[in-house]
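By written order: A, B, C and D. Residues from 1 in each chain.
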């Protein structure tokens, strides 16, 4: 890695949601980039600091409308898309060819257009472009990301689940069905208020949703097939936590032979030996210790040939904006940690 | 009080909001009433238990549309109105004359139509009917309530504030300006989701709103003037708590002469000697101990001639549905506690 | 059932914890019992209402020390034991023979003393008495409970898990390993403050604990073996939620043949046709809708031969004090619902 | 300000509490300091990252016992004391003379030993040293801090209150009594679990504590007297919020003449024109927008001659560790913002 001679020029499409908000928080302090455009349709012409009041005093940026003509974006090095599902699909094909793109939505994660349409209820209108997209789970796809022009940034649940399971699937030691019991904080539902995030209902609640049907399931299965010989039946179940931030995933696996905790830990440490953002903990990870950070905390436990892997991430950082910046760093030839070495707080 | 020969027939207009929800929870277990009609425009024809899932298995009631012709309501003894501000104003004039009414909105709390229009941004279209309304702060207005046909049920903030201040104002010992610093849980904003009750924003928040302008201020001033010789300047400030339920009020008063804690407590105990739902506590009340109940917990503290009164209520019970039932009991000649002697839980 | 001529006399050992607190809240309003003794070592001589401030004004009961001589308890009909593990073990053998007992601790739940000592780190000193205990999962053990003198009240996790799984195990349609992913609120840790319930740490947290080792596992396995031909491997994993109350359990099962949602629901409805406190819901149960109540809300979902069962209870009511009273009712020949038909609140 | 040739050497006494935890989080990323010693009696020899798991992977620092002989500390440039009240009192006198000190406890905030003993229940044993301490409210005391060797870092409530009131008191426009209604999150009670921070009790609670008696009152009065001609009666009332972090203060003042909102805002903007960490907001500040940061958000509102000032800070950063580092920067001749320009997150 070398220090760039001048800052990279960045655009953010969809700056008013939580993904955009966290992209702004991270990129405003990134030493080698400059944000030259941030769009937000309903907040156009408002200052960023008046909408994201955590950033008040930190920036003079103003939200803009999305440009009508994308050919004006030639001076941009990379554009982030943090828009609702179905919008990047139409916008990224309009980008000048020299502009790299990282899409935080689900639009370009699935290679199979039929599966995409089944889970997102949208027709996939950019099947050719899809082939140029690299799946942006940084820790398992670094080399492909470094040379990619287009990144499909993983879903938050998919990130936590794949990081928990990748070493086991890669090892070929897994047999039988796999159960993933996943839990997310309320910011996963986005910045717009809705019945399921109405505070009086949510604050004392815990419930499951979309049984057997969550749209992150196919991207998990697809990428596990890229990591190893994945033939297992996978049951993936999502639940809602009464906290603002964090995803916790409990993965239940079976191994072909008995493994000790130490066997497991060695396997995982080896797999992630170059991955600064993967931390191993005793007992259990806790979303409290990764909140607002790019870390994924993992612990492993075995009981004969039954294995449980716990992982915890911040859904908006490692599960969205942080991992997107990690991927951007690699695409720009920077150290992947640049601008991402910050910790959460205690408490 | 005597046990009625047959159950009183009750209608609830606006059964899908939190006020309606709590009216249902209380009235379904009331020994002497029967709910014969409960309306909810957008939930019409759904079962009550499918909307308020706490009541699943407890009732076969079905939400109905509001009847087009109110003359069909003659068989009803009393109607509760738990509708948004501005609706009861038009509906109560249509009730048959034999039907009593308790309005939980602000429509009939203010005697002065000009003040009403200033604080509610609505024209008062029922000025004559207004004169027949009795303000339903049970502990200070029992005798008038017993013979009333129409009750304007107090606002939640007003209830907590007035119960904290009534003994002092009645005593004539208060001098100088009065500060009321009031805090409410998120259910005070109603059952519909909105930006200020979006869980990710609300769960770690605390903020003030409507400085100097809350619509409960005039009803507090009006009723204090009915209780005693109230000439003091009152500053009333409302804040939002990150809990679902509860109101806590801190009242800062000055006395004409030094009072000890014991003096204060004697004054308050005497004033509320017949009031089961007023409880005195050491130290401070806590919204945790009154949640889901009709109690108002109060503590009093003096420091020379400076006095602070703390009060805590559940905003939806003593601050709305519970007090409404307490008033209904009095209007029916029942013991005011009927159907209201239930406690909250620990924790 | 018949209405008793006089009230049953009740003692509560361990009235200051959350189990005792909820026993008091329920029994104070039970029409056919009278609490004649409630013990609390460190609060002896304090009023119940000053310790459990939710009960202030509801009772004149005073906490007492446990009597030195249990022969004085002959006038009592039934004693509840809501003490830390290991204490009822020594106290219940001292009860006069005419006194029935319900133990809310784990002391008498396990038939196998070796397993008990392994999971509780305590020697079982009352092996003979153990044989007289009936496991108090009301919905599966009603007939035995009716004639029992001693009840081992189920653990909170065990209750939610067993109610979710009982119909499937009874049906004999389950094959393969079973995964139970369970989550509990902080009141499950008891009324004493500790590091894992320190508010600043807990309020934004979610984590797992005791992987493969929770003490409720053996009681679940033991009772499943009583319900049906249970040979399956069971993985049971417990997690901590940042709410005060509630348990949510997700059970992953495999069936010997494909079942539709309707098949499942018919099976469950039939199994629980006489069980008022089991409610079936669409989508997912939510701890918010059962909080402070004796209900267990269940939903069932199938995907071919993979089945997931969700259940939600209040850990202190159906998971402890409420179920204990339900069992007491049966032991006294009362309707099991007596004193337990109350709903939670919305929100 | 100039960039130092070598990093300043820092010691932290009391690194395991929340103040120490946040000092570590900030100083580990400060460009011009190096932590050479961090003590924590009960965690001695444990790694910092195993105790403060947010810092796992960020540092190799190990907690140490406090040195028996302070003469060994000569190589240190500055020591922070983040210990319980009463300990710095005995330790700071033992420091070598060349070592600067910043005390986060209340030991050296009060000039009057009698008042100290009344509010802290401790004898003040270092009266001579007291005279060398400068009160570290950065925004009002910058020049004195720059040349000080010893700083008494303000209390968290005192910081929020003084920043809200300083411009008004300095202006001389305030008359009559002043009411300060203050609310704090649970981390203000420290990192050790206790009854008042037991999660099941705290999570749905709001209550007042120490009426008229909080130990921050005298330091507020003392420093207001240094800022202006402060003769007003001050009522200061503290309350507990069910969040982990944040302080919100509502100050009620009366002005000698009517002031408009614009008058107020001009006065405040002028007073804080050189203060980066003071931000002015419309409506109300919210603890959510300052959490984990060194900002103090303020809004001002007038109603004739009645004025309310709202302020919000993070109790552990601007109310403790952040302000301490801001003061350290000034003592070292650095820009006060160094290492402190980070924002909170949304949400």
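Keep in mind that, in the parts below, contacts are C-beta pairs under 8 Å (C-beta built on N, C-alpha and C of every residue); 3 or more make two chains touch, one makes a residue touch a chain.
Bear in mind the structure is a predicted one, so any value in this text is a computation, not a measurement.
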| item | value |
| --- | --- |
| Farthest chain (mean CA position) relative to chain C | D |
| Chain pair, C-D or B-D, that carries the greater number of C-beta contacts | B-D |
| CA centroid of chain B to CA centroid of chain D, Å | 40 |
| Distance between chain centroids, defined by C-alpha means - chain C, chain D (Å) | 47 |
| For chain A, residues that touch 2 or more chains besides their own | 18, 187, 191, 200, 203-204, 242-245, 286, 347 |
| Touching residues on chain C, where the partner in the complex is chain D | 18, 185-187, 191-195, 197-200, 202-204, 242-245 |
| Residue ranges of chain A touching chain D (in the complex, touch as defined) | 18, 21-22, 25, 28-29, 52-58, 187, 191, 204, 244-245, 276, 279, 281, 286, 289, 292-293, 295, 297, 316, 341-347 |
| Chain A-touching residues of chain C, taken from the complex the two chains share | 176-177, 179, 181, 183, 200-201, 203-209, 211-212, 233, 235, 237, 239, 241-246, 248, 250, 252, 254, 283-288, 291, 301, 303, 306, 308, 310, 312, 347 |
